[in-house]
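Naming follows writing order (A, B and C), and every chain is counted from residue 1.
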Amino acid sequence: MSRKIRILISKPGLDGHDRGAKYIARALKDAGYEVIYMGIRQSPEAIVKTAIQEDVDFVGLSLLSGAHNELFPEVVRLLREQGANDVIVFGGGVIPQEDISFLKEQGIEAIFTPGTPIQKVIEFIETNKERVLH
Amino acid sequence: MLRFHTQTGGSTLTAQQPDNNIVRVTIQTLAAVLGGTQSLHTNSRDEALGLPTEDSVRIALRTQQIVAYESGVTNTVDPLAGSYFIENLTDKIEEEVSKYLNKIETMGGMVQAIENGYVQKEIQDAAYKYQQEIEKGDRVVVGVNKFTVEQEKPKEILRVNPRLRKVQSEKLMKLRKNRNNRETEEALQALREGARDESVNLMPLILDAAKAYATLGEICNVLRDEFGEYRESIVL
Amino acid sequence: MIGKLVNGIIHGETRSIARAISWIENDVPQKEELIDALFEHTGRAQVIGITGPPGSGKSSLLDRIIEQERKRDKKIAVLAIDPSSPFTGGAILGDRLRMQKHTVDAGVFIRSMASRGHLGGVAGATSDSVKVLDAAGFDLIVIETIGVGQTEIEVMNIADLVMLVLVPGLGDEIQALKAGVMEIGDIFVVNKADKEEANRLKAEIEYVLHLKSEDEKGVKSPIFMTSATENTGIEELVNGLHEYMQRMGENGTLRERRRRRVTLELKKIITAKIEAHVHKFLETGNNLDVWIDQILRKKTSPYKLINEKVIQILKELKEK
């Protein structure tokens, strides 16, 4: 038996800044994870449908437009509504410090702001992956 | 003359010690002007944190004005002319650019190269390498991987008033009610027909549609219907 | 747990289907029980493979095929295979991006699959995953292979029919045709047919097909000209696909293929089972170390030793 961690990386909303999301996707691949890359301009509905079909363990959302307080929680809400309670959601992008506690309350478990070393993201996945092993 | 526009590099902005970005933008502005740019966009210091505040935007504009009116670099056409080092770098850039252009040409042109994902791949590889260099400390970014501070003071960040969305959609509803909808429809239909004919210049038709109070969304939807939507070839 | 999962799958519930495929991919101990429980519900779906070199537009073409089949109210599942890195085991799975307009359509299920070191253009989990999708009631299951060329023959052993997608202008098409890729395809697609060299490529394929000895039942392989971006030739392709499938059913080809598929699958399972037992046998006790010493000290020779030991291993396995 060989368990692989699967991670969905996507950008909800309308901004097209995908340099960070692509970097994360590629770096996570190099760290040995299976990354489903959905790219820019995705709706929360499409992200959640994809997460469920792909049976991912983590969903990583990137957003630089300022709409994170609306779109990130919506992804978590739809995941839970559709019974995907075990999927862990994290986010990143241009997100002001004072929004982080609100996003965490809404079920986004970690927020990685600009300048975060990729190792921090990998540590987050490694420390939380036990919870999603099934 | 080669006319070109320059924008300072968004990827060089840091969220850490954001006032340092003013200095980065200044250096890049100076470089662009010394290079002879005809048009310039300067980024604001806080764009790695959120949408820029009014103050930040003003500083970005003032940066251009200081370079233009105070520095003196605009007093002569090409202040760096004759500098051995600059000329050498320019030659190198030219050489590398020619290599790229030739390569793209053999692929069947730029459109083909984009469809193949070649261009995106080159950009992503460069971005990946750049980021890896920062993470390994091979490339110094002041305030990020060197000369950092423990506790940064809170920054003022622009908050978009959520009420604006409502205001805007009300405005839009009003516009749609009050405009001459027949005229709008006709202008959009003309645009649609123009889009079907490759020999037609669409710009005047787009202007007509805008003058008939068609919204940006409506104009784009017509073009989306006719041309479809671009989907990037993802190569990671 | 398995009962609930099986029930979810046969009712076409997305989460159950997706979880079952993960079980197969991760090779969990309950996998066999799951597949056996689903077995009576399988055998209804049509399974097609789609293969072709990188850049031939397989995913975009598939996107159009899904569109056509949805107009005909067919339920479709896609398994899109991408390579895993041989160094890190990681993978970027991005094929579904080209089919994303179907994401929110309940009649379409798309799953990306990393090859996880499996050779042959598909993943080790592909074959069993097809069974899950079949039991879940999909009318059509499409396997999109990695697309790196000649070694991609395994899809022939999983699909009822294989579609080979080629495009003009890759430069090495004639080479590819000569190299035996052609044997994989039942039907051929010249995609990006709006390009000028498309007709020349078609002529080349016709020539190679002409050289190819009459196939199983003398069914002629059709060639379709499509453009996924311009959305042309798709309806003809989908019609042709179904006609071809029907003919394969009528002349017995399909039956023979399915028989061959079961044959290969059984052989594979038997070999894997015995291999696992052998590994276990070798790992327990110090048998192997003793033998190695004997060989190194020239007490016996490798074949002589093993021929004696094989009987002993089989006997011990039987006693267990």
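Methods note: contacts are C-beta pairs under 8 Å (C-beta built on N, C-alpha and C of every residue); 3 or more make two chains touch, one makes a residue touch a chain.
Since we're looking at a predicted model, the values are computed, not measured.
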Count the C-beta pairs in contact for every pair of chains, then give the pair with the highest total. A-C
The chain whose mean C-alpha position lies nearest the overall protein Cα centroid is chain A
For the pair chain A and chain B, the C-alpha centroid-to-centroid distance in angstrom is 26
Rounded Å distance, chain B centre to chain C centre (Cα mean): 44
Rounded to the nearest Å, the gap separating the Cα centres of chain A and chain C is 30
Going by residue number, chain A touches two or more other chains at 25-26, 29, 37, 39
Two or more partner chains touched - positions in chain C: 92, 94, 97
Give me the residues of chain B that touch two or more other chains. 234, 236
Contact residues on chain C for chain B in the complex? 55, 92, 94, 97-98, 169, 229
Using the touch definition up top, name the residues of chain B that touch chain A in the complex. 10-11, 14-16, 47-51, 124, 127-128, 131, 135, 144, 154, 157, 160, 232, 234, 236
Enumerate the contact residues on chain C facing chain A in the complex. 14-15, 18-19, 21-22, 25-29, 84-85, 88-94, 96-97, 100, 103-104, 109-112, 114, 116
Where on chain B is chain C touching in the complex? 108, 116, 228, 231, 234, 236
Contact footprint of chain C on chain A as seen in their complex: 1-4, 6, 25-26, 28-39, 42-43, 45-46, 49-50, 52-55, 82-84, 134
